[in-house]
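Next come two complexes, and both contain chain A; in the first it sits with chain B, in the second with chain C.
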Partner chain A sequence: MSTIVLQLFIAGRTPRTEHAIATLQVLIVERLAGYPCELVIVDVLTDPQQAEERQIFATPTLIKESPLPQRRIIGDLADADGLLTALGLPPARLPS
Partner chain B sequence: MTVFPMTPPIEKLPTGIPGFDHISNGGLPRGRTTLVSGTAGSAKTVFATQFLAAGIQQFDEPGVFITFEETPEALRRNMVGFGWDIATWEAQGKWAFVDVSPQPEAEEIVRGEYDLGALLARITYAVGRVGAARVVLDSLGAIFARMENSQMIRSELLRIVAAMRRMGVTAILTAERTQEYGEIGRYGVEEFVTDDVVILRNPIEEEKRRRTIEILKFRGTSHQKGSFPFTVIPGSGVVVIPLSAIELKQRSSNLRISSGNDDIDRMCGGGFFRDSVILVSGATGTGKTLMATTFLASGAAQGERVLLFAFEESRDQLFRNATGWGFDFEEYEASGRMRVICNYPEAASLEDQLIIMKNELETFRPQRVAIDSLSALERVSTMKGFREFVIGLTSFIKHQEVVGLFTSTTPMLLGGSSITEAHISTITDSIILMRYVELFGEMRRGMTVLKMRGSAHDKEIREFMIDGGGLHIGKTFRTVSGILSGQFTHTTPSEIERLGNLFKDDTGV
Partner chain C sequence: MDSADNQLVAFSDADARLQAVVNVSLEGVLIVDGDGRVRFVNPVAAALLHRRAEDLIGRIFGLPFMVGEVAEIGLLRPSGNLLITEMRTAAITWHGEPAQLIVLRDVTKQRRAEEALRDAEGFSRTILNSLAQRIAVLDDQGVVVMVNDAWHQFAVAHGDEQLRKTGVGVNYFDVCLTATGVGSQYAPGVLQGMRDVLNGELPFFDHEYSADSPDEERWFHMRAVPLHGQRRGLVISHTDITDQRRHGWAVAEANALREQLQARERELLAVSTISGTGRSVARTQRAESVLRVDSPAIFLDCVEQYSALLDAAIEARSFDTAPNIQVSARALAVRLGEQHAVARDVVEIHLAALRSRSIDASPSRQQAYLEDGRVLALQLMGYLVTYYRDGVVV
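Now for the complex of A and B:
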């Protein structure tokens, strides 16, 4: 099984950033348990070159790098519900 | 022409866009963001790109281009035609793109709240990387169309504008309008950029497109009011034609030069003034082209450089006719003393013609220039456009220390005046009228000097003849009146004598 690679682009530690990170943690721990998962957090304030290369303009932006197809989600991700569908990921178990 | 008694407290950044710095009284307000708004196809992107290109080319000021619409690749390719080699400037570290163009292959979903922090970080990074003095954001419509939350985009753009001000860059923000006249831009852009607004228009008037530029406002600093025509030319981009910004401070010289015809010189009180513009008006066939030919040939014969813009006759016709009068245009041209530019009036828009003519004047630097005929250009333009063209051209010629001779064809054979004259008679220094005179079943020609600024001149209407030796001035028409109106009355010699005796003082010299 290939590793799920997620990249989260943030612009400093803002409430939106914290909310997005918390949501992703819930997602990974509860919904993607058992799947090899990698989350990379890129702060565009310290690494603008990365943002340039990936053409990120809004923050937070989450990119699902693999498995393909690539997906982009702009925003603080609201809640974990429906996020897997949005990411096109197989859920660990059916959403409660 | 406006005089500002105080120095404006706000510094301007010269853009380097031809003509724009003139109408903006020195350029864009430095360190601020100017909104450039226009409908689709109004040359917003060209204007914005040129702002950066001219910065690099003329002032060695690097720039950052934030593109929301076209890809950098498309921009590099589209702008090469204007002589802007963006790819090279990128390699030299003078130009940076921030690419925010839509990526059709990447699927984008919005979930929850977000801001444009990443865009601001990228702009800040790019500005720092190239040391940018100028920034362009083109165009806002694309970002609003892409993201649903317009209120958030507006407040984020306001944040970006504020950040750019702190960076000390001078910026242009382009935005779409849906109509030529009405609200400044869509999506309420004027909410966050209210200080400086420039509008580009491309309306249809009398079935002709006519581009204009208007500085709607510059907060706290001066600019020329109203709209000015501009044109977009391959190889140079936007060229604004600053008409009412023209200042009437041409030098005027007392130096006289010959018209090439001793009789006409005498009628004008000793020849034309240098730095003056002479209008020769007449019906078709009265000898206007001959007058222009003689005027130029006499200059060339003295070793001056002379320039002819011909809009009515072909080169072959002109040269053949000149030979007929005994002037060898071929030889003048071969020796570099003469340049003849034949052009159909329809070949280019009037704005483009003006640019072409200015370029010729600047590169050839003639001492004499003739336009045959000015009225031929009337038909390719609107009335307003033509008037602006004539004013622009006349003022340019007067700045070049040349004598200009324009011919104008009157629509009627007898009497009459043309629109050309109505527009330009006040700005020309001299007016010579050539008219047909019907005299007892014969068509004769009459000439008078209507106006000769700063000099005495012959006020009589004299007959003239054209033969193989050129133009010869004869006697005055003593027995005809009403020549200029075309409503002739013939007076018998005895009546003239009687009238003469009524006014003993008027000796009729």
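Now for the complex of A and C:
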């Protein structure tokens, strides 16, 4: 099973971004329990290079790097269930 | 034309109409496909992102995810600057494919202004909360619109835990109008003073009042000053001035005591002159000749002895009815006489004992030290006079 890699691009630590981070942590711990997950948080204010390389236009932006297909979501990241649907997660398990 | 061609023409017309509308929109508009890839961008959106439209087409902006009708997102410009925008979305069909219409409104200035206001309010509140004075802000009708922590704590400590009588929303003028109990006789004057300040007839209003608690008498200073700025109102502060008052009383007591002791000393010198017997007499009073300087160890010992007497006097609550205290006081007088002590020495011993005993003492105990101490010091001085006159203290 490949690792689910999520990248969150934020601009500073505001109550809104803290809320988004908390939602993603709930999503990983509760909804994706049993799946290997990795959440990378990038602050575009302190790491503009990454934002430029990844061509980030808005914050918060959540990117599902893997599994493919890649998905990029912007907006109000405050609904764990809705996010799962939008990201196409959890990945369908291959028949054994 | 077949039906597929008709459909294509219809789509093209609809897309063209939509494009014409969004091109003149005052808000930024992007259209993204199912992957979040930019398919269309209007000039305002390009300007918000500080990029040319052709540099945005085909790039992945992201799929909008909304919980409510509006989401707040930051737009990152190539310079690294961030714009704050409100985002609204609608599902549309664009060139025959499902797409998302994203409308962006720049709210950066508005948010910055709100942030600055919050910072300013937080700053003011922090300052107000750092003060020991109880402070309330009233509007022009006398309604409390803000109180600081000290005000809150005082209300809680005095039984108004929910701040129903003195908290935000309460009319402070009505509180004065309906005041009863101790100090209520001053309420009409206080109310008038506050109104005079509010109407600009007085620059400020001051009022000192006492408020007795079960344990002690406390004094407060109230001040009302006008609220400067767009809103008319008042800032009310109450400061506990009990310690200042006590200090004032202590100074007055010390002065009164000094005068009385000096009178005794004059009596003592007269006795010495009349008797002329060469008996032990007080030193000539000179600035450099004091027991504290000449014999510091004895001075400290006498302070300790006097302090113990002071404690005993307070416990007995009556110097005259405590024979043991009188015996000890006479012994101390003899000891001071042997050191040729003068009135200044007695005052210094008295004040040193008061200082050491008042540290950490309750206010009521401090008051008792002041009152009982004066009696004790006078009695001691009387015994000292007797010693110098008769050679003994009976």
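Assume the second predicted complex is superposed on the first by the 89 of 96 C-alpha atoms of A that agree within 3 Å, B and C clash if a C-alpha of one lies under 4 Å from a C-alpha of the other, contacts with A are read in each partner's own complex, and residues count from 1 in each chain.
Here is the rule we go by: a residue touches a chain if its C-beta (ideal position, glycine included) is under 8 Å from a C-beta of that chain, and two chains touch if they have at least 3 such contacts.
These numbers come from a predicted model, not from an experiment.
Applying the stated clash criterion after superposition on chain A shows that chain B and chain C collide. Shared-chain residue A:19: touches chain B; no touch with chain C. By the document's definition of touching, of the two partners only chain B reaches A:49; chain C does not. Of the two partner chains, both chain B and chain C are touched by A:11. Shared-chain residue A:77: touches chain B and chain C both. Within the superposed three-chain model, A:60 lies in touch with chain B and with chain C [touch as defined at top]. More residues of chain A lie in touch with B than with the remaining chain of the pair chain B and chain C. Clashing C-alpha atoms with chain C appear in just one stretch of chain B from the list 181-189, 397-405, 451-459 or 469-477: 181-189.
Comparing the two interfaces of chain A, the one with chain B and the one with chain C have residues 11, 16, 44-45, 48, 51-52, 55-61, 71-78, 82-83, 86 in common. Listed in rising order, the residues of chain B touching chain A in the complex are 98-100, 103, 106-122, 124-126, 147.
For chain A in complex with chain C, the touching residues are 11, 16, 44-45, 48, 51-52, 55-62, 71-79, 82-83, 86.
Listing the residues of chain C that touch chain A in their complex gives 35-36, 49, 56, 59-68, 71-76, 78, 80, 82, 87.
By the touch rule above, chain A contacts chain B in their complex via residues 9-12, 14, 16, 19-20, 44-45, 48-49, 51-52, 55-61, 69-78, 82-83, 86.
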